[in-house]
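Two complexes follow with subunit A in common, the first pairing it with subunit B and the second with subunit C.
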Partner chain A sequence: MRPLTEEESRAVFEKLANYIGKNLIHLIDRPDGPYCFRLQKDRVYYVSEESMRLSISIARPNLVSLGTCFGKFSKSGKFKLHITALDYISQYAKYKVWIKPNGEMPFLYGNHVLKAHLGRITEDTPEHQGVVVYSMSDMPLGFGVTARATVDTRKLDPTSIIIFHQADVGEYLRDEETLF
Partner chain B sequence: MDVSGIIASNAAKYQAITVEKETPLEVDAGLLLVTDLNSIDEESYSANLEDHLQALARDGVQSLITSLFALPTQRSEDGPLAQLPVPTTALPRSKPLPKPKPPTKWEKFAAAKGIQHKKRDKREWDEERQEWVNRWGRDGKNKQVEEQWITEVPANADILLRHSDVDFDPRKVARDERKARVAKNEKQRLANAARAQGPREARKQEIDQTLATTRISTASMGKFDKKLEGEKKARGVKRKFEPTERPLEDEKNASLALISRMDSDAKKTRREPPTEENVLNVRKAVRFASKGRGGVALGRSAAGARGGRGGRGRGKR
Partner chain C sequence: MGRRAKNKQAPPEPLDKKEYNSPKRLGKRKAEDVDDKPRPAKKSKDSASTRSKSKSKPSKTGSRVKFAEDDANSSDGWEDVQDEGVIGDLDSLLGDDDDMLRGPVQEFDFGSDADEDEPEPTPLLRGRKSKQSKPPAKVVPTGSDDSSESGSEEDEEDRITIANMAARSRALDEQAAAEAELDIAEQQAAAAASEDEDDDIDMEEDANGDIDAEPFRLPTAAEREEEKISVPDVHTVQRRMRECVRVLGKFKRLAEKGRSRSEYIDQLVADIASYYGYNEFLAEKLFHLFAVPEAIEFFEANETPRPVTIRTNTLRTRRRDLAQALVNRGVNLEPIGKWTNVGLQVFESSVPIGATPEYLAGHYMLQAASSFLPVIALAPQPNERVLDMASAPGGKSTHIAALMQNTGVVFANDANKARTKSLTANVHRLGCKNVVVCSYDGREFPKVMGGFDRVLLDAPCSGTGVISKDASVKINKSERDFTLLSHLQKQLILCAIDSVSPESKTGGYVVYSTCSVTVDENEAVVDYALRKRPNVKLVETGLEFGREGMTNFRGKAFSPSLRLTRRFYPHVHNMDGFYVAKFKVEKRAKAKKQEEEEVTVEVIAEDGTVEQKEKQEEVAFDSDEDRPYLEEAKRRRMKAKGLRPPPRTKAPAASATAKASA
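Right after this comes the complex of A and B.
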């Protein structure tokens, strides 16, 4: 376990800022006590100071997980967000998408969101913007990236892809071994 | 009324403010330091250690405070303040004395010629502007010519240029001169640093570098070479990470600084138009007017409506 280097922090922050924008500051500067990012076996964990200090005493091979896993670094140094970060991302999300009940299951099986399944979308969402996907009952289901800007979606046919799938809560079952 | 009994009982409650010892205590008020040179009284030491230590400490503190109250005082908002004298106890230095810097080439020359060093102010009086200006740096006087909005062209400008085909640019000439001075200074600084290191060190570095290159310059990148006895493994660059137990406050500040830097980077790449002047969001307006097809499509259709040359636009209308 170690703190992130500057390049690593930059990669993580850029990815997070794609979803939550300036709210990123609220993750770092929290009023309810200090939190930090820690790297353990190429995974990035968001963890309170207290549990971080406790886990310092655990040897690296024995430390399985700590805090909340936000994602992992690929071998080429890119950062990939995991679904476990959804709790924090959905709290601060800038752009949101609600999908209809008949679109929930396809999304939860790892498919992209089609226009037919789109319930609501935040006004003025740009293209290729990270968005959080909610069910109509405001339950966060996952996150993705918009394929088109909001205004451009009007003219599309119902089978075209609106949101590219990135992560969904179905991964808790599908990728149980590798997720945390 | 006889008050002697009360006075006696009161005096018994408080110990004497003077400390009597075989060897008097040495007090250094400047360092708030008291040294007790008396030998330890073994009887009271073995009888009750805690009491013995407390008595010793009490004597020391008492003599220190007595000496403090004898010092001259100064008035302040928080009450009188004693003015401490200069410390008399010499404390040893914790670090060795810094080595004198090796003299630069100029310093050697100046010493040989007896030239005195004159410290120049960073600021200089500007007669025209009637104010103090920086000699160099931000709004420096050395950049005055190149920052002027109008500059006189010298009469011999074409001779200075020596038949080149570009126009004479006084600002560029001044800037080039300044940059050349900076480059020359940097070159001299590096030369001084190399000279300070000594020829032996420089040679050693060079040999190490050559050795490292030759060792990996075989077909197998040095993997299957015969190793000499006692040959050391080539060292690469070692990664260094921040300690995990660093105070989180530092880490938080570093992260916030990084975020603000990322913000400013993003602003540099896509500069947003000033919002006060533009009540109209041009991008949004274009999107609305062109029904989301973009400015090019809007221009084309507008040209078509005017009966312009765009054949495609006219066909649709």
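Right after this comes the complex of A and C.
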């Protein structure tokens, strides 16, 4: 476990900013005590300082996870957000998409969101913007990247893709072995 | 609500029962519960069968049937509910219907209500002959009818809900009528085929009425040997078990002359082992935990699955909202009981309960009802530091985190690295942000980190409480497993106690739990901890139901405070067999006293040798005098290794000389 280097922090924050924009500051400045990012075996964890201090006494090979895992660094140094970060991302998301009940299961199986399944979408969402996907009952299901800006979607046919799938909560079951 | 689903899973009420009184009382209670609720399908079926019976049979038989039904409805409702699954299984296994059906019902009769209920039916029963003497139990709609005749329909019916209740009950009526007719035909055929068997049963009935026509004969040792070689007939084994239970209930009156109680018990244990498929060692171990009729109930209960339960994740949702969401997905559920406000019992579901969007979003956790208990006992408070020593797959850890509302820190430890994956997945899925997952052997713990406010030790165990979930326990546990496990548990419990900070303002508690019912994994371990750590004491668990822990068991006496621990049984509480003990760790202010005690002990042990020591100081080393001690130490070492030390030939003489010199 160690703090992130300059480069690593930039990679993480850039990725996060894609989804939560300026709300990023709320992750650092929290009213309920200081939180920090820590790197442990490629994984980036977001954890309260209290927890972090206590878990210093756990040896590296024995420490499996602490706080919330945000994602991992690939071998080439790129940062990939994991579904486990959904809690915080959905809390501060700028752009949101709601999908209809009949689109829930296809999305949870790892498919892209089609126009036919689109329930609601934040207005004036730009193209290639990170968005959080909710069910119609406001339950966060995952996140993705818009394929088109909101204004362009009206012309599309129902089978075209609106949002590219990035992560969904179905991964807890599908990728339990590789996710952690 | 599906009638069948209800029957498969007994209603959840018994979970909040205060005390277990007697199987009979429980039966009454449950029967009443069941009867309170509207059960149109069942009633209509009963009435239909009555109608058809009276049509096709002479009036005398009709009245008999009616009586049987009354009987079934009033007193045997419980057996009806509980035993259907098992009986169904047995029935389909054996293809031999009515006698098997009657089995468990009769067992209970022996124990409790033989005297009050019997006199009325006996004249009727005795009066009729083979064909008519068919037991009425068949009329009571049971699982066996469906499993053998309409297994495919059952699945369809499961899906049916309130919406088409009326249509269903009508269909059931017709089906019942058809079944009843079939039954009659079957009964007659069977009666003709096995007239002698029926006579046997009549005898039993008579025996029930305390007139022994043909007394039950316990097989001799030679006969038992013989039976071991050949394949035992399940039917005779079952009958023998029933008889043994009856005889053991009133041993003085009913036992054969010249046969001891232990012979009957040996026979019964052997029969239980072969009938339920246990190895003999485990069957005996479990048998001795209970009184005889209750032991049979326990083994029966291990054959039926426990209800599926889920725990609401209060970090994400409320129970009412979750129940609403799941009902909309076609799940039929109900709160578990009054003792928990987060548990839901699932009766039936049209969707896989472990893969709904709500599950994936972490709104609930699939968790046995018994797993709530240790966490309720632990009662973690916000802003504490809590350790869960053996936590995978994280049901209890996440429950702790939820009760602490994501404050403080929870250390979820598990020795098995592979299992920490699912643990981490569950922790993240349920949104627990205060959990640190680590993978140490639990015995390393006070060294890694101490000073916890509360520690939960859900110790690795033999799993004799969850046989209904994992039947492999029945055969793969031996004496050695139990010694190894209880040794490990004793080490772990001391580590758990040492990891707690006695200075903690809010806590200082340890909860020890296992999903096992044996005494050497539970009371013996707790008693050991009490003896080894004088600064801990048992406190109330805060669970208002469950049976008290045992304070003595087969010649072993434990501390009387073990009454504060709680045991849970599948046949009593309709949840997995479980054990919960809660300790309070206090400061070691008595450290000085302890030292004094040790000193006094030394003096007592060597009272004669005190002067000797002084002498020794002058003389330095005297090998002659030390020889007996060396010898003794050597013997002890050999014993510890499991070797038999040579007989004491020289030793007494040597010690005598030592004494003389002293």
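Heads up, the rule we're going with is that the second predicted complex is superposed on the first by the 180 of 180 C-alpha atoms of A that agree within 3 Å, B and C clash if a C-alpha of one lies under 4 Å from a C-alpha of the other, contacts with A are read in each partner's own complex, and residues count from 1 in each chain.
The definition used in the following text is that contacts are C-beta pairs under 8 Å (C-beta built on N, C-alpha and C of every residue); 3 or more make two chains touch, one makes a residue touch a chain.
Bear in mind that the values here come from a model prediction, so they are computed numbers and not experimental data.
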### Task
Sticking to the clash and touch definitions up top, decide whether subunit B and subunit C on subunit A clash or fit.
fit
### Summary
The chain contacting more residues of subunit A, comparing subunit B with subunit C, is C
### Message
Just to be sure I read the superposition right, which of the two partners does A:Arg154 touch: subunit B = first, subunit C = second, or both, or neither?
### Response
first
### Task
May I ask you to decide whether A:Glu6 touches subunit B, subunit C, both, or neither, giving the answer as first, second, both or neither?
first
### Query
After superposition on the shared chain, which partner residues are touched by A:Val169: those of subunit B (first), subunit C (second), both, or neither?
second
### Query
Once both structures sit on top of one another, what is the angle subunit B-subunit A-subunit C taken between CA centres, to the nearest 10 degrees?
120
### Query
Which partner does A:Glu127 reach: the first (subunit B), the second (subunit C), both, or neither?
neither
### Query
Can A:Asp42 be said to touch subunit B (first), subunit C (second), both, or neither?
neither
### Message
Just checking: does A:Pro140 make contact with subunit B only, subunit C only, both, or neither of them? Give me first, second, both or neither.
### Response
second
### Query
Closest Cα approach between subunit B and subunit C after superposing, in Å?
16
### subunit C partner contacts - residues on subunit A that touch it in the complex
47-48, 50-51, 54-55, 57-59, 62-69, 84, 87, 104-105, 108, 135, 137, 139-141, 169-170, 172-173, 176-177, 179-180
### Summary
The answer for subunit B against subunit A in the complex is residues 241-242, 244-246, 248-249, 251-252, 254-256, 258-259, 262, 287, 292
### Message
Quick check on the complex: what are the subunit C residues that touch subunit A?
### Response
325, 354-355, 357-358, 360-363, 385, 409, 411, 417, 420-425, 427-429, 431, 433-440, 448-449
### Query
In their complex, what parts of subunit A are in touch with subunit B?
1-3, 5-6, 9-10, 13-14, 17, 24-25, 28-29, 34, 36-38, 49, 52-53, 56, 151-152, 154-155
